[in-house]
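Next, two complexes with subunit A in common: one pairs it with subunit B, the other with subunit C.
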Partner chain A sequence: MLAQYIANGLLIGSLYACLAVGFSLIYGVLSIINVMHGTFVVLGAYITIYCSQYLGISPLIAALIGCAIMFVFGYLTQRFLINEVVAAPIFISFTLTFGFDLLLNNAMIHAFTATPRSLLLDYGSITVAGISLSVARLGAMVLALVLTGVLYWLLRHSQMGRAIIAVRMDRHAATLLGIRVPQVYAITFGIGTLMAAAAGGAMALVFPITPLLSGTFLGKSFVICVLGGLGSVPGALVGGFALGLLESFGAVAFGAQWSATVGFALMIVVLVLRPSGLVGRKGFE
Partner chain B sequence: MARKLAKFASRALAGGLLVLGSTALVLAADPIRIGAPLSLTGSLADEGSKEQQGLDMCIDAINAKGGVKVGKEQRKLEAVKYDYQSETSRAVQLVQRLVTVDKVDFLFAPYGSGDTKATAVLAERYNVPMVATSAATESVYDQKQKNLFGILFPNRAMAEVEVKFYKAKVPQAKKMAVLALNSLFPKAFAASVRDTAAKDGFEIVFDGLYSPGTMDFANVLTQIKAANADWVYATGYIQDLILIRRQMANFGMNIPIVTMTAGAAYPEFAQNLGALADNVTTNAWWHPSATYKDSYIYGGAQEYTQAFQKKYNKIPTYLEAAATSGCEVLALSIEQAGTVEAEAVRKILASRRFETFYGPIKFGPSGQNEINSPMILQIQKGKYVVLEPQSSKTGELAVGVRAQ
Partner chain C sequence: MNERLVTLPRILAAMLLIAAVIGFGFYANNYLLQAGTTLAMSIVLCLAWNIVGGYMGYPSFATAAFFGLGAYIGGIVQNYDLPLALAWIVAAAGGAVFAALLGSILLGLRGHYFAIGTIAVVEVMREVANNWEGLTGGAIGMNLPILVGSPRAVGIFFYLAMWALVLITFVLTAMIVNSKFGFGLRCIRQNESAASMVGIDVFKFKVKAFIISGLIVAAAGAVYASMVAFIEPKDVFNVLMSIEVPVMVMLGAAGTVLGPLVGAVIYVLLKELVWVNFINFHSAILGIIIITVIYAVPKGILREFQSRLRSILTARPLNFRKS
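Take a look at the complex of A and B:
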């Protein structure tokens, strides 16, 4: 049973990690709290569901389409909207993204209605050494690792990635060196949105989707990033798994109605004892 | 003399115009206003829109007939709607506004036992009759209020019928697992079922709660699976129940009886689950296949269902039907009282037995409908089959919910 609990925790943890990666990246590079993150995830999930249902294509391709669309959307949002306030105090950008999120969310409720929608594909589950593992969630685990790995590689080994890290280290010095900072910001935001959409695709396989989930997703992203270290991408992975395991054992120890409380309580503990998170370092990733 | 005549004529003319004018005002009679706080956005948006549709069905049908007959005049019905966004505090604020600013004549309760109980206090304070069409928990009606009238019969009646049914049909099922959402109705309903089942000889092998917004049921289901339950009873709203059923399949759980309350009775449940919804049982306070007749609007349950389908392109559930009948009993009471005055209407509501397409309604001393007509349903091949009562039965219980 213990092995099953650990497996359960890791599986939901991988979904959580997917959720948080994009959020963490945007905070790390742009130093803004993207309140629209939850809404982007849900939007990505809807694109996946509708493309899959109406175009009859596999969810993977549908999710990729979702990622592409959301990248463009994120890029444009940052370039023309958020860029105006990116140098301002964090509260300003927080308010802007919050307001825009309200708009987006209500537009989605209007367009899609609150009726839950699901992908009617069931990949079933496999049993390994007596432990039941849902295939869809295993896929999410792979996705989380791929997303984190790709991002890590991108940041270290590509021109744009180096530029992103440079901008993060020192915005003004980067400008002096000829890096077009607004462009870098826009691309980073686009990447963050793309990751949110990818997470949305994974969510679409597992949960019935309504626009109202955006709040839940944002809340979880917050907790995970604080646990793992805000701004640290591997931290999102660690935080995700940590939260998943914690909620899993919290549910068994105290009852399922306490699992969310356990997560938030731990977040407070981490904030007090180790504000940079389990993996994060002060300042830079 | 001429001046006196002129004065008299002008006064007569003015008087005449005044009489004509006021007659005109009376002829274009004020509508009867029902205040309706609806959860059109937020976590209960799905349920809120169902209530709205039910209310509109009633208002449209009555207004098409010319309106409600109040004494000598016909007055149309009008709903003053506000969206309380599934937030209880906002529901309370909006009901306050409806009564004090909009000065509505009657109130509709918000969705669910919790929000109904919270706003019923205001109805009582301001003495405005309130019809509750989505609250079945007994504790909502325990405040000795005279302004609250509940269409749905008590949870307890439903629980008793269900336990008796399954005990008779599946005598080999002995172990029961209960999983409830930590919210007024689902928690109270599950407690009702659990207590009735325990009294009837079932062994309760699992009894747990989960919070709203839970994204993972893996661990509770692992525990339920390990306990070898024969009957899994889950309560919650539609999203939670969909997720629970999916995760049950993930864990390869094959359970003889799986009953889910509030959510599984709505077609969206089967739409989201496809084949996984098969053989899940649920219950309802009303179903389109009921045989009730109605002499005021629609003619009967079948006609109502057809009209609803024509207008909204889907089948109504007990939620919409209860909302329609709630507005209907209000109209019938106004007609019988001959006035919209709260005291007179309240008297009729409290004493009369109404025969509607939803079924017979008679509000008991606590304000809740005391005529119980529970229905047990099962989803078979994507369609609802009525298992109880005998008079509306359309099929037999299929035992065994498989993890395909």
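Take a look at the complex of A and C:
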């Protein structure tokens, strides 16, 4: 029974890590709290659902299509709308993205209605050592972890990745070294949006999705990032697994209705005692 | 700072304004009375936020937390058949105590972390109100005793109560601004380390400002709760309120005495005029207002207006200096 809770916690935790990593990247590099993140997740999920239901393609490929579309969307959003406020105080960028989020979310509720939609996958489940695992959940976990891993690798080993990290460390020095900072900002925002869409695609494999969930996704991203440490990939992974396990056990200990509250309460505690997060340190690696 | 705060023209203007507000309450129809009360509530919340967010420069999103707390404390006290005034006073005191506790925890954080922390508080409080059914009635909500008297008289009573709160808060703000305390808050906004170095007890100042702000917001929440006679967690602990209030202040001009007033008046007017026609696009319109404010008048209408006026008066052909 204990093993089952741990397994559930880790399965959902990997989705959470993927959910938060884009939010964390944007925060780390642009110093912007992107309130639209939850809405991006829902958009990614919807693209996955629509593509696979109406075009009849595999949900995995549909999720990747969603990622590509959302990357372009995120790139353009940053380039033309967010770039104006990158240097402004946190309060300004936060409020601005909140305004865009209200607009986007209202449009989404009109376009898609608030009815939950799901992929209705039935791949059955497998049982390993007495732990039952649904195949769709495993697939979502693999998708989420692979994409997070790819992002981590790209940040460390690609030229663009090094440029992103250079901008995160010191944007003025990066400019002097010939890095086109606005371009890096836009690409970072695009990648962050892409990861949101990937998380959305993975979520769509597991949960029914409605535009009303965007606030929940955003809240979870907050909690995960603060738990692990804002602005790093390992931080998002640690935070994601921590929240996954916490919710899995918290639901047993306090009842399911308290699980979100437990997350937020823990977040405030971590925020006060260890603002850099459980594994936090400076620098995006 | 050198000008005298109380001058004859100002007293006359204030008395005229108060007379106009009271007069409006007695002659307005029910819709206008309702709108006037909403406006007063918005002004109170804006003035309270302005102390922490405007003068002290801490982007607090905890407005809804204090508002909801005040509403629930007021509601619980009133449900013990205790008098209205006592309920409001207890709610205000509760808000102050909660602000002292919360402030001493959260005000050590800066920038992003403070903003995130204050939002999380709203979320936690809403969930607690949702799940603590024995005390709050849970998600179903809580009924409050309805005042005896004709609906019209009750409406006028709450209209006047809300505007009285506006007057108290406004005078309080003006007093703070012209005091040493207000000067200290402005120092903290400009440079906290420097403020600490010149001998300002930064932490004490910050907590004090937070307490004043929380007390006022909680009182407004209690008045609101008695007015609507029914509260539920998603209504009084609404994150949207925590965002709306700073946007209103920004629209007017943060960190000024009149800014919150001007911002709230324009915002509430916009809302009342546009809302009724596009009820389905409620949040989209709010989004558009926010976006417009940030791109078009980031420093606030009041400052924009003042600098225009000044450049006309000084009649310089071109003004290259950026204020």
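Just so it is clear, the second predicted complex is superposed on the first by the 281 of 285 C-alpha atoms of A that agree within 3 Å, B and C clash if a C-alpha of one lies under 4 Å from a C-alpha of the other, contacts with A are read in each partner's own complex, and residues count from 1 in each chain.
Rule of thumb we're sticking to: a residue touches a chain if its C-beta (ideal position, glycine included) is under 8 Å from a C-beta of that chain, and two chains touch if they have at least 3 such contacts.
Note that this is a predicted model, so its numbers are computed, not measured.
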Touching partner for A:Ser118 - first (subunit B), second (subunit C), both, neither: first
In the superposed arrangement, which partner chain does A:Asn106 touch: subunit B (first), subunit C (second), both, or neither? both
Quick one: is A:Ser248 in contact with subunit B, with subunit C, with both, or with neither? Answer first, second, both or neither. first
For A:Phe264, using the defined touch cut-off, is the partner it touches subunit B, subunit C, both, or neither? Pick first, second, both or neither. second
For A:Thr148, using the defined touch cut-off, is the partner it touches subunit B, subunit C, both, or neither? Pick first, second, both or neither. neither
Taking the superposition on A as described, I'd like to know which of subunit B and subunit C A:Ser24 touches: first, second, both or neither. neither
Enumerate the residues of subunit A that count as touching subunit B in its complex and touching subunit C in the other. 106, 257-258, 260
The residues of subunit C that touch subunit A in their complex are 53, 59, 105-106, 108-109, 111-113, 115-117, 119-121, 123-124, 127-128, 130-131, 239, 243, 246-247, 250, 280-284, 286-291, 294-295, 298
In the complex, subunit A residues that touch subunit C: 27, 31, 33, 84-85, 88-92, 94-96, 98-107, 110, 215, 219, 222-223, 226, 230, 257-258, 260-261, 264-265, 267-268, 271-272, 275
The answer for subunit B against subunit A in the complex is residues 41-43, 45-46, 49, 179, 182, 208-211, 213-220, 222-223, 226, 238-239, 242-243, 246-247, 249-252, 268, 272-276, 404
Partner subunit B, residues of subunit A touching it in the complex: 1, 4-5, 8, 11-12, 15, 106, 109, 113-118, 120, 122, 124-125, 127, 132, 134, 137, 206-208, 210, 212, 216, 220, 244, 247-248, 251-252, 255-260
